[in-house]
Each structure stands twice: as C-alpha cells, then as structure tokens.
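These notes open a run of structures that come right after.
In the two complexes below, subunit A is the common chain; its partner is subunit B in one and subunit C in the other.
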Partner chain A sequence: MRNVWIIARREFRHYFVSPLAYAVLTMVFLILGGIFFINIYVGMQMGGISPDGRIVIQPLVTILLFATPALTMRLLADEQRMGTMELLLTAPVRDWELVVGKWLGSFFFMLLILATTWIYPFILDLMTDPGIDQGMLVSAYVGLTFMVASMLAMGVLISSLFKNQVPAFFATLGLLLFLWILGGFAGSGGNPVTRYLSFLGHFYDNLFRGVLHLTDLIYYLSLTILALFLGTQAVEARRWR
Partner chain B sequence: MIQVESLTKLYGSHVAIQDVSFKAKKGEILGLLGPNGAGKTTTMRILTAYMPPTEGSASIAGFDVVAQSLDVRRRVGYMPETVPLYPEMSVVEYLAYMGALRRVEDIDERIETVVEEVGLVERSQSFIGNLSKGLRQRVGLAQALLHEPDVLILDEPTIGLDPAQIIEVRKLIQELGRKRTVVLSTHILPEAQQVCDRVLILNKGRIVAKGTPADLQKQLEGVDRFVVQAGCKSSKLLKLFKDIPGVSEVQKGLQEGMIEVSSEGGQDLRPLFARRVVEAGIDLLEIRSTGLDLEKIFVKLTKDDIQTGEEQ
Partner chain C sequence: MKIHRGRAALVCYIVAIVALLAAGAWYVVNRQFDIYLQIGLGLGVIGIAAGILFDPQRVRKALTGRRARYGSNALLFTLAAIGILVIINFLAYNNPARLDLTEDSLYSLSDETILAISELSQDVEIKGFFTPDLEGRQEAIRPLLDEYRIESQGRVQYEFIDPIENIAATELYGVTYDGSLVVIVGEATEIIQYQYAEEREITSAIVRLTNPGERVVYFLTGHGERDLEDTDRTGYSQLKSVLENKNYTVSQLNLLAEPEIPEDALVIIIAGPSSAITQGEVDLLRESEVAVIYLQDPNYDLDAGNDTFPLVEYFTSSWGLVLHDDLIIDSYSLSGTTVYQFEYGDHVITERLHSLASYFSDARSLEIIAPLDSLLRQTALVVTGSHTWGETDLETLIQEHAANFNPDEDFIGPLYVAAVAENSLNGSKVVLFGDSDFAANGNFGEFGNGDLIINSIDWASGQEDLIDLTPKEYTSRYVVLPNVRTLGLIFLVSVIVIPGTVIGLGISTWLQRRKVV
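Entry: the complex of A and B
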C-alpha cells in the first residue's frame, strides 16, 4: 500500500514540472471562465442572473472530457516508451500498486483542478441574492468527483495498452466520447438496464440535479475498480509476452 | 546464489533461449557473452523477475523468480541495457524515488554513499536529462546498488561509453563483485576475459561453452601458440622447428627472425624451443606464449553453431 502513495506522490508532483498539466489547468480556467462570463453577461441583459451553479458544472463536464485523456495519456505509456517500466516491474512493487498509484496521482491533480473551479460558483453566489443552491452544488461536485475518478481509471487502462502518449490520448478520448454518446441514447430510452449502464445518466439524471444517491456513486466506483483491475491485467500481460 | 535450470523462453514461436542452465556463487562475476540476439537480455529479464520463463526454473538466494518474485526483486539490483531513467528528475530525486520503492532505510545516507561509489558527487543535483551517456550509466548503476543487493545484474554495462569510462566502469564492477554476485552481459570479448571469473558463451539462445576465460581457451582448442624470435632469418628458424615432436604448425611471424609455432596437447614446449635455438648457435631473443584469444574461439564457436543451425 505504501508503494501506491510513493507512486501517486511522484505522479502528482510530475504534473507540476510538465507544461501539459499547466496547459490543461489554463484551458479549464479560460474556457470555463469565458462561458461563465457570457452566461453572467447574457443574464444581466435579460434582467437578472439565475442563481444556478449548473451554469458552471455543465461546461466543466465537457471540458473534463478532454482534460482527462490529457492527464492520463502518459502515465503508463511513457514508462513503456522510456523503458522505465522495466525498472518498476523489477522493483518490489506489485502490478496493481503501480496502476493504482498512477491513477491516484492523476486523481489528486484532478481534485486540484476541481477545487479551483469552485471560484465561479462562489462568484455567482456573491452576485445573486439569496445565493445559489449550495446542496445542489455539493451534490454535483461529489458526482463529478466520482465520475472523473472513473474516467481517469479508464485513461490509465488505455495508457497501459500503448507505448506512445498520442494514441493513448485519442483512444481514451474515443472511449469517453463513445460512452457519452451511448449515454445520450440510453438516457432517452426507458429500458432500465441501459439506463443503469448509462455513463452520463447517473450524473445528469441524479447527481447533477442535487439527488445524491449511493447507487450512482457505486456505479462510478465499480467502473473505476473495473478499469484499474483491467489495467493491472494489461501490465501483467506485458510480462508474459 | 543464483541457480538456473533448463530455462527456455519463447516469444510466440521464436525461441529466445533454450535449455539454459548455470549457477553462480557469491562473490563471483559471471559473464554472459554472445552476439546480439543470443538471449543474454532474455536470460537477465527472467533472473530479475521481469518476465517468467516458458519452461525451466531460476532462483536467486533460494527464492524462485516466479513464485517468490517479490523476494527475488528485493535482492536483485538491475541495470537494463537502455539504462532507463526519468530525465526530468535530478539524480538525487530519482534515487530517492527508487529507494522509497525499495524501502531503503536511511535513504539520504545511502544515496550519498552510492553517489560517491559511482563518482557522481559533483552532478548529484543535475537533471538526468542533462547528463552525458556515461554519467547516466553511472546513475543506472547507482540505482542498482542503492538497496545493497546480493545480486547485481548488468546488461551491457559498458556499451556506448568512451574508452576511459569503460575502464572506470569495469574497475567499479570488479570492486562490486568482491562482495556480491554479479551477472553481466557483453559482446566484447576482452571485457569478459578481463572482468569475469567465469564466462558463459551464448549463441542463438543456447549455451555453447562455459568456464573460466583461461579454461575456455584451452578446452576449445587444445592448441597453444608461441612466438619465437631469434637472431637469424625466419626461414632458418622454420627448418629448425619443423621436426620438433608436438609441433603441429610453424609459420613466419610478423617480422624477419620471428616465427609462430602451434603445438598440440597443451604441453609447454618453451624449454625445448629455447634449447633447440641455443644448441644451433643462434641468439634467442624472445619466446612468448600467445594463446588463442577468445575472439577466435568465439568466431569459431558461433560459426559452427550457425552451420548446424542451418542444417535444421
């Protein structure tokens, strides 16, 4: 377990020496800030800003769809390209510790990004009276945290399959987009099975609306565990080739 | 310390190594010698528990590389051929990370010691990306030494270094080999001869010869070679040496007055040669045993094997 922390800590720190992480952080802020500004501006023209924190969350979800693969693409692919995988796999580190450590490092960085985006709901809260619905905001952020955790886990899984970051990025983006689109279809249908499997449904139908159900969180949690388990299998399979 | 029994590794249908067996004791430097693709790296990767063998078994300090791989990994220091490092980390940061993963106690002290051991003190704060190839090699070596492993496995430790660095690294390896078991691979024959206590020659995934460098020379040829120089013409010397029993071949040497003599049976004929020359009233200038260098043995061995390989 200690190895997980050691690896997570290194990965977290690595984001601060990589220009890409700063680019992601800047992109999130610029786009989110821009959309926020337009929303506020339009709201003012229309005669009143609606005190709804979701004007921040909704674009944030879409931005994270692109930010996630950028944060996870190098995690395992780069180790394989540089050959450092050989060092890690010959150190007394279990395969799952490596995969979970990588994921945890990216998750911590993602939490940092999410934490900094609170500034926009905070501004909105100051600008409106009586302020925004805090409960709904918390629910949405909790949901977002769990959803992003599963997205990062899928990114780690994909990264374990590649030797280069760029294909890992596009494959992850492709997988997430696929789930996005699938979620759109499933959400509209009435079939409870597809509804349960819908990646976006759990977020938009419940958490986003302020409905904090354990089942939705468990859905994302199981997805995270599944992806990390498969990632571990992929690392192990590498040994047998 | 190391025990390897009939190890076989297949990559798909390609045979990387076949039926490789050997042992290594503590304090021994074992060399794996062979051309590229002979299976040196594969053997090392199995020993370091990086990948399991297809067949056979290997153990280090009594721990099986597959079943007790974590125990094996704790006891082995490994420097892969490509010396993989994180370029964005400083030497000290990198060693601290690897040391943490290996649960090294008193990590700062250990880093200081190994950095000194490999001669990196002045560059210990530099980013690895800014170091020369030779210095990176030392960082890789420092990493392999950090946890004071019983077994050190070095894949082509001198490849890509300049001659001065090669000499330094070889010296370092010899020092390290006094206290622990070292397995190193090389395709440079003098290196194996100079550094290793025992050599395994691999070709096409099989061991084609094993023994001490001196053993190998004798065992493989059974032929000794001498250079004789005397104060007369070479042709006169040739006549003089032709009918000595045990001499199989005599030919002109590099200079006038010098001949090369090959003998069979491994007996030392130098006293006989000396007497023969002096009794003929010629001034004897030099008699020197040259031996067959490993280079010739190696070429012969691998050529033989390539031929049998083609027959299959």
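Entry: the complex of A and C
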C-alpha cells in the first residue's frame, strides 16, 4: 500500500506543474462560474431564482465528460511513450499498485475540483432563506464522487492500452460517451439489463435527487474495480506479450 | 486464384466477432430469441469454424504457446472478476438499501404506507402503461414505485409497459388512458390514472385489493334516470366502465319493485330522474343512512313544480341543501347555458382534481342553508363566476328562448352547482349536483368532469382515502433576490476571481519551471 500512496502523491503533485491540468481547471471554473452567474442573473430578471443547490452539478457532469479523459490520458500512456514503463515494471512495485496509485492521484485531484465547486451552492445558500437543502446537495456530491471515480478508472484503463495521449483521450471519451447514451437504449418499457447498465441513470434517478441508493454506489464501485483490474491486466500483459 | 489462408481466416474471425456482438446487442435490446438473433449466433459459429479450417496452424500455436498460457490465465482472472462483480450487483439490486438525505424526506413513504405494505400477505404487482410521449411522467413516478418495492421487501414489484407495443396487456387490464397504473393483487386489479398516481392513491388501492370485499354502487332506476348501458352521448356507460375498472361492482336498484336498501350498498346514485322519487323511496333512503349522490337537471316540466319532488324536500330539510328551480345562465358563454366552474370548494373531492376544470350544460343552482343539526358539515364543491345568474322564469326561456336577469326573482352569481353534506355523528353523506349531463358519455372525458363524479363516488362510498397518511411538511425556501452590488460581487467571484486564480497559478508555475530549465 505504501507504493500506492507514493505513486498517488507523485501523480497528484504532478498535476500542479502540468499546464494541461491548469487548462482543465480553468475550463471547469470558467464554464461553471459563467453558468452560475447567468442562472442568478436570468433568475433576477424573471423575478425568481430556484433555491436548488445543485445549480452547477448538471453542467459539471457534462464538463467532466471531457475533463476526465484529459486528466487520465497521460497517466500510463506517457510512461510507455517515455519508455519509463519498463523501469516501473522492473522496480519493486506490483502492477496493481502502479495502476491504483495512478488512479488515486487523479482521483485526489478530481476531489479537489469537486470540493472547490462547492463554492457556488455555498453562495446560493447565503442568499436563500432558510438555506438550501443540504442533504440533497450532499447526496448529489457523493454520487458525483463515485461516478467520477469510475470515469477516472476507465481513463486509467484506456491510458494503459496506448502509447500516445491523443488516442487515449479520444478512446476514453468514446467509452464514456457510449456509457452516457447506453441508458437511452432502455426505451420506454425499460429493459432491466440496459437500464441497470445506464451510467447516468444511476446518478440522476436517485443520487442527484437526494437519495443514496446502495445499488447505485455499488454499480459505480464495481465499474471502478473492474476498470482498475483490467488496467492491471493490461500492464501485466506487457511482461509476457 | 490463390487464396491467402491467413487473411481469409482473419476475415472469418472478424465476421464472427461482429456477428456475435450484434447478436448480443440485439438480445440485450429485444430480450427475444428470434430469427435475427439465431442468424447472428449462426454466423458467429460458422465464422469461427471457417477461421479454424482456413488456418489451423495459427489456432494450434495460439492454444499451446506462451502467450496462450498467460493469456488464458488473464482471461480466467478477468472472467472471475466480472462474475464476482455481477453477483455483487445482482445481490445489491435484489436487496436494495437506501437513505433519503433530503431535509424534508421528500422521497420517503409515510409511516402509514410502510406499515400497510410491510404487513402484506400477498404479492402486489404494479404495471405502468406509458407511451414514449409520457416518458417524463413515467420517470417521475419511478422513484415512488421504487420506494414501494424496497419498503415491502420486494413484495411490491413494478414494471412499465408501452401500451402501443403491448396491446394484449393493455386490453387485458382494460387500460384506456396513457399513463395509467394498474395495481394487481392475485386476480383483482385496479386502475389509477397518472394524475392520481401518488402515494395516497396507490396505498389505498393496495389496501382495497388486499382486503377484498364487494364494493357495490347502486344506480336507482324506475324514474327515467340515465342509462348505464347506453353508449350514446346521453348515456352513462363510460362512468360504469370506469367504476368497474376501479373495482366497484355497479348494480341497478329499483326501489319501486323491491322496497329495500341492499345491505352491501356503499352509495346510491340517482342520476337525472325525469319523474319524482316517491316519498316511500325517500323514507327508505333516510332510514338506511346510506350515502346518496343526487344529480338533478333543471325542471322543464313546468306543470310538475319543484315542490313535488320529495327527494328535493329531503335534501332541503335533512341536509340543508336547496335545489333551486332555475337554469344557470352564463353571460360569457356562447350557448348561454353552458357554465364553467369558476372555483372549487375546499374538499377532498375537488382537491384531487388539481387544475382540471369542469363544465355543466343546462344546470340548476343550489343553495346551502344553515343546518338544523350542528353535526352537519356542508361544503360547496363547484362555484360559478359572478357573471352567471339562475334564471327562474323558465316559461319565458322555453317559449321565447330569451333570458333576462331579474334581480327580484333570479339568483345572482356566484352560484353553487354542486355541494356535499356529511353527518359527523353517523358518517352518512350526500352529494348534490344541479346537473346530470356533465357525467354523461358526451361530457365524461372533457376536462375534469369524469374525475369530479368519480371522486364524488369514491368519497361518498368512503373509498377515497382508506389510509390516513400523515401530511408531509415541506420547508418553504426562497432566494432573496440580490441587489446590483451583490450581483456584481457574485460576478466577480464566480467569473473573475476563481478562474483568474487558476490562470494565475498556472502562469506562475509555468514561469517557475522556465526558470528551473
């Protein structure tokens, strides 16, 4: 576990010297800030603002669809491109420690982004009497955290399959987009299997509305574990391919 | 022509993989082992077999080489991991646990509902019939149905059906409205329309169906009342059909032939009689204390006179509900005699109509007089606007087709078209309507007309609210609109300061790295 922690810390720190990470952060906060302000401004013109603390979460989910591949594309693909993967494979680090460490580093960075976005509901809370529904907000953020964890894990998996960052970015984006639209296949009747596989459904049906469902959390946790497991297998395959 | 065996095998494998993937996707979407799925699987198997035949050497090498050994290990591990995760998800799906974090417990069932469904001795199935057009409503009701499933430990299950795709199921359960919920317990079913698909209705339906007992509604006959079997505009066949869908037994009652009120009668409906109900019949109703719904059209039989109706007298003397001998004229209406409700009274019957209007053609007005009995509670249900009046000069109206407001004789609006009264001591109830057209086939489906009569029957028969749910308390929240200065501050923080800080940090880091380099 120590190795995981060391790798995670290194990756986390690396984001703070990466221009790409700052570009992602700027994009996230510029769009979110703009949307938040427009909501307040339009609400003022219309004579009423919805006291909903999740005002920025919906756009944030869409932004994360693009931000996640950008944050994970480099993680393992860059090691392969730079030729440092061989060094890592011969170092006293297990394959899973490498993969989990990389994922954890990106997860911590994403947690920092999510925590910072809390400022918008906080501003709205100050303006609301007697305050926004904090329970609903907490549930939405818990859901978002689990969802983002699985998205990052998938990003790490894809990154382990490529030597170049750009195809890793687009492959991750493609995979996430596929999961995004999978719920649409469920149709009106709602085939239980496709409905259960719906990536967004698990978030919007319950967590976003303020209800923590164990099923939804386990779904995202399973995706995370599966993606990290497959990522480990992909790294390990380099030894015998 | 020479065939490159390796390439041919590769093409075969690709065809096989594409066919198998397509078959898998087809099955996930359609859940049917149909001809397309069989063709896909067949192509997959043939493709693999052909690939092996074209290049058997590659297969042999793949199965016995070093890659095969490690690869098969990895594959086995992966399959095992997927299997474990699928099982965990399956268990979690079938044993759901949840926590409603909303401050007002918005998505939690009331304690009364939880008690009712935790004591279920039979499985309950709820089928929601929603076309894709009403998908929004379907998704809105899903969390509530999830609650029932979870809190009942799986005894309540639900599914959604597209009524267009599954016509057989739609006809089987007699669903006529898009967005209906059918609650099924054993052989018994009850239909709830989507505008009523809320906790109180669903729980009441479950309680009714799990505690079976005949719920009989009688329609009085023998006085020229509306015909339950008549499918014309003036008939009551639609009302009968909806009542039967709600699990009522609809029967007819001729008190002239059999002067006895049946013991199983929950309510007796007297719909638009054209001749007088006899004093003997009225006495039977009075003595039995059974709920009565009386729908009476204006009295065009000028010779008969209003006072000759003993039933009218009974409603006046016993319930304080006076039926005026008039015809409501609406000065805003094109026909003059069609009147729309202006407002509803505060009562459970009208509360459940939500924003649906109702209208009445050729209606007479009512009056509520102070009750003799202090135990009597009277409520006006339907009130017309101030631009209406009750024309009492029916003779001129019939002969000259003209109505003029006479302040000395006519009743000035707002007028009552429907009212209820309830005896809080013995629980007996009556509903009085100054019109019976509104519930006839021609008007039943218009606006809230059908719901108004159905809700009245539910209330009168004591079936509207079998379970008394504790009302939820909702925190009223409002955002204090910011002034220009605060708005500027919000702009500064959200659009300038936060992104600007990030950009500043980024530039600073870049500059530092340049120095280091």
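Of note:
In the analysis below, the second predicted complex is superposed on the first by the 236 of 241 C-alpha atoms of A that agree within 3 Å, B and C clash if a C-alpha of one lies under 4 Å from a C-alpha of the other, contacts with A are read in each partner's own complex, and residues count from 1 in each chain.
Assume a contact is a pair of C-beta atoms (placed from the backbone, for glycine too) under 8 Å apart; a residue touches a chain by one contact, two chains touch by 3 or more.
What you see is a predicted model, and the numbers here were worked out from it, not measured in a lab.
After superposition onto subunit A, the partners subunit B and subunit C occupy separate space and fit alongside each other. By the touch criterion stated above, A:94 is placed in contact with subunit B alone, subunit C being left untouched. In the superposed model, A:46 makes contact with neither subunit B nor subunit C. The vertex angle at subunit A, taken between the C-alpha centres of subunit B and subunit C once both structures are aligned on chain A, is 150 degrees to the nearest 10.
By the touch criterion defined above, A:236 lies against subunit C but remains apart from subunit B after alignment on the C-alpha atoms of chain A.
In the superposed model, A:209 lies in contact with subunit C only, and not with subunit B.
Judged by the touch definition given at the top, the superposed model places A:1 against neither subunit B nor subunit C. In the superposition on chain A, A:30 contacts subunit C only, with no contact to subunit B. By the document's definition of touching, of the two partners only subunit B reaches A:10; subunit C does not.
Note on subunit A: of its two partners subunit C and subunit B, the one contacting more of its residues is C. Using the contact criterion defined above for the overlaid structures, shared-chain residue A:127 touches subunit C, although it does not reach subunit B.
With chain A used as the common frame, subunit B approaches subunit C to a shortest CA-CA distance of 5 Å. Subunit A residues 17, 240-241 lie at the interface with subunit B in one structure and with subunit C in the other. Contacts from subunit A toward subunit C in the complex involve residues 16-17, 19, 22-23, 25-26, 29-30, 32-34, 36-37, 40-41, 43-44, 47-51, 116, 119-120, 123-124, 127-136, 138-139, 185, 187-191, 193-194, 196, 205-206, 209-215, 218-219, 222, 225-226, 229-230, 233, 236-237, 240-241.
Residues of subunit A touching subunit B in their complex: 2-3, 6-7, 10, 14, 17-18, 82-94, 239-241. Listed in rising order, the residues of subunit C touching subunit A in the complex are 28-29, 31, 66-67, 70-71, 74, 77-78, 81-82, 85, 88-89, 92-93, 96-104, 106-107, 130-132, 135, 138-139, 142-143, 146, 159-162, 165-166, 475, 477-482, 486-487, 490-491, 493-495, 498-499, 502-503, 505-506, 509-510, 513.
Subunit B contributes residues 11, 45, 48-52, 70, 73-74, 76, 78, 80, 82, 84-86, 88, 97-98, 100-103, 143 to its touches with subunit A in the complex.
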